[in-house]
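Each in structure tokens, the structures are laid out below.
Two complexes, one shared chain (chain A), two partners (chain B, chain C).
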Partner chain A sequence: MKESRLWFWHLISGLALILLLGVHTVIQHFDSILTWLGFIPQAAWQSGGHLVGSLNFQHAVLPRMQSVSMTAVYLLLVVFGLFHGLYGLRSMIYELKFSAKAKQVVGVIILSIGIAAAVYGVYTVLAGHLNPPLGG
Partner chain B sequence: MCSDPNKVIDVTKAVQDVILRIYRWDSSGTWGEDGRLVDYKVPVPSGMTILDALIWIKANLDHTLSWRAACRMGVCGSCGMFIHGKPLLACQTQVLKLHADVIEIRPLPNYPIVKDLVTDQSRMIDAHTRIKPYIIRTETPPEAIAGEFHQTEEELVRYLQFSYCLKCGLCMSACPTVASLQEFPGPQPLGQALRYVYDTRDEGFAERLQEIDNKFGIFRCHFAGACSEACPKGIDPAFAIQLLKKEIVKRAIMGCRTPESAGLMPAQQDNAVKAPNVPATPAFTVDQKK
Partner chain C sequence: MAAKDNDLGIRGWVYAGRYSLQRYAYTLQRITGLGIILYLLIHLYVTAQKNAGEAAWAGAMDAVQPLHIGEYFLFLAIIIHACNGFRLVWAEFGLGLGRPIKNVYPYQTCLDRNRIFFYAILAVVFVLAVVGTADFFNLIRVL
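Now for the complex of A and B:
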């Protein structure tokens, strides 16, 4: 692929990461703020079963993994996060002082790491759909 | 260069003595393997430039000192050097305006040294040559172009700023990517690529794209902006590079149509009336053979 296309997708993935990480951060880590804003009922906290950001596997993690919208968010997060990070890493490594041939090898290694990590990441995201819920 | 610099540089009106600490190196090893800084005490009158001071040193203190210079007025771009921690043109830098008793002068960074303050600028010239710094047209042979191209004032102004490049190479010496990535073309050639891409007479976008759209090309610029700070003509190569990135994304990725190139001006009509008070064209100084 031409460098301009890779760079263009680096920009797009950067913008997408702001959005996707924003969604992830708000849902996973700012659940108390969501409660305060009224998106999560106070009662859900008291029963220990609110379904948004909690780490309760049965009542929160698994439903999140099985939600189509959250699956889409995490699939995009895996792909864009890996691409953005690894393209940035490749750019930095290219500026180190070693031969152009060695840089070519580094490029192939980074691409291989990216593909392997993407496969593993996608499998992890889809695990909630592929495997039956634990503990019935 | 002036045969007797003392006639030009009058140090009898010196207002201050300044030490010029100059880097010396030659390939024969006179100044050691890594070179050496040598102090020269210079009586500095008001208005003396670093280039004047170097000429005075060569005439009065050390005739072996080497540097490159030509026009003495910021036009040729030959006298770039690393003065007091910045890449500057020696002819445009006044000694007293640096407000220092000791001024260190080194050759420009990011270039191999030939001798003392003289650097080998082949890297910039080679990269500049590769981006084809001339108008490319599809007409063949080029001699088939008979006439002048039509270009509006707005079209001219769009690239005019970038056409003021002196090829002094100060931007290349300031660029952190040039310092770390040997294959990177650098701000000077990339800025000039934009100058021709923006020129409505040019049709060479695709040809230049091959030279700049690669893994060590334009997209390795991370917009430090040091080139624009160093440029003595205010060309703003960093801005030019960002504009060129935008142009590449527009034309090569988004599929925006390359603007139609300028056509030839219509031939002058026989009955055209000349504007009044326009002086006649001077006669040719060389016989025009038909």
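Now for the complex of A and C:
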């Protein structure tokens, strides 16, 4: 793909990530506020040892795995997050004085990491949704 | 005349030359960006353990427990990168920079005009940081 087009998608993915990572960050980091607002059950704080609030398996993680909208958010977050982050990493490396050949090698390595991580991430999210553990 | 060698090499990642405040925001943008992408790669593996059930999830969470404070710094990195990134996307699409002006003394650059946006972003980061800090260290008890 043309470089300018990739860069354009870097910006678009950045905008998308505000929403996607915004949702994720609010869920993970403002969980006492979310409980107060009623989005997370009180029970998430009463069981599960130190894994309370948003990290509680039964009352927070499992329900999110079963939710269609959260599954969609995570699928998009995997893809946009990896593209945006790895393209950013590649841009920084390409600023250095490497030969065209070396840059090509770097490009292929980063692309491979991206594809492998995307396959793994998409699989993780889908498997969790379609086949939740403990019969959920 | 030979062209001036402007290439800073790897030093260019952190040193901006004689540029303004915003150029250092850009440096911060890169440091935080790198931190987040590194985290994401590890994160995908750690959170995947949820699919193996509650015991595996607890095991994975216990294993990363010593790094828990790192999550707080990651949170700060995310809000800085997201807010400043929002400002950069606007600038890169050429929005909010005003009309081009003649270059007469006292010189004014687009960066001067963008500075208000920059301070607004700083304010948003500050508010989010306060709320996030309170939540992370359990300083507020709303329950």
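The working rule: the second predicted complex is superposed on the first by the 113 of 136 C-alpha atoms of A that agree within 3 Å, B and C clash if a C-alpha of one lies under 4 Å from a C-alpha of the other, contacts with A are read in each partner's own complex, and residues count from 1 in each chain.
FYI, contacts are C-beta pairs under 8 Å (C-beta built on N, C-alpha and C of every residue); 3 or more make two chains touch, one makes a residue touch a chain.
All values reported here derive from a predicted model rather than from experimental measurement.
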Contacts of A:Gly128 with chain B and chain C, given as first, second, both or neither: second
Partner chain in contact with A:Leu96 - chain B first, chain C second, else both or neither: both
Partner chain(s) touched by A:Lys2 [first = chain B, second = chain C, both, neither]: first
Of chain B and chain C, the chain that contacts the larger number of chain A residues: C
Partner chain in contact with A:Val79 - chain B first, chain C second, else both or neither: neither
Touched partner set for A:Thr35, first chain B, second chain C, both or neither: second
Touched partner set for A:Phe57, first chain B, second chain C, both or neither: second
Contacts of A:Gly22 with chain B and chain C, given as first, second, both or neither: second
Which of chain B and chain C A:Gly107 touches, first, second, both or neither: first
Common interface positions of chain A, toward chain B and toward chain C: 95-97
Touching residues on chain C, where the partner in the complex is chain A: 7, 9-10, 12-13, 30, 33-34, 36-37, 40-41, 44-45, 47-48, 50-54, 57-58, 61, 65, 75, 78-79, 82, 85-86, 88-89, 92-93, 131-132, 135-136, 138, 140-143
Footprint of chain B on chain A - complex, ascending: 2-8, 91, 94-97, 100, 107
Chain B - residues contacting chain A, complex: 177, 180-183, 213-217, 219-220, 222, 245, 248-249, 252-253
Sites on chain A touched by chain C in the complex: 11, 14-15, 17-18, 21-22, 25, 29-33, 35-36, 42, 45, 48-51, 55, 57-58, 61, 65, 78, 81-82, 85-86, 88-89, 92, 95-97, 113, 117, 120-121, 124, 127-128, 131, 133-134
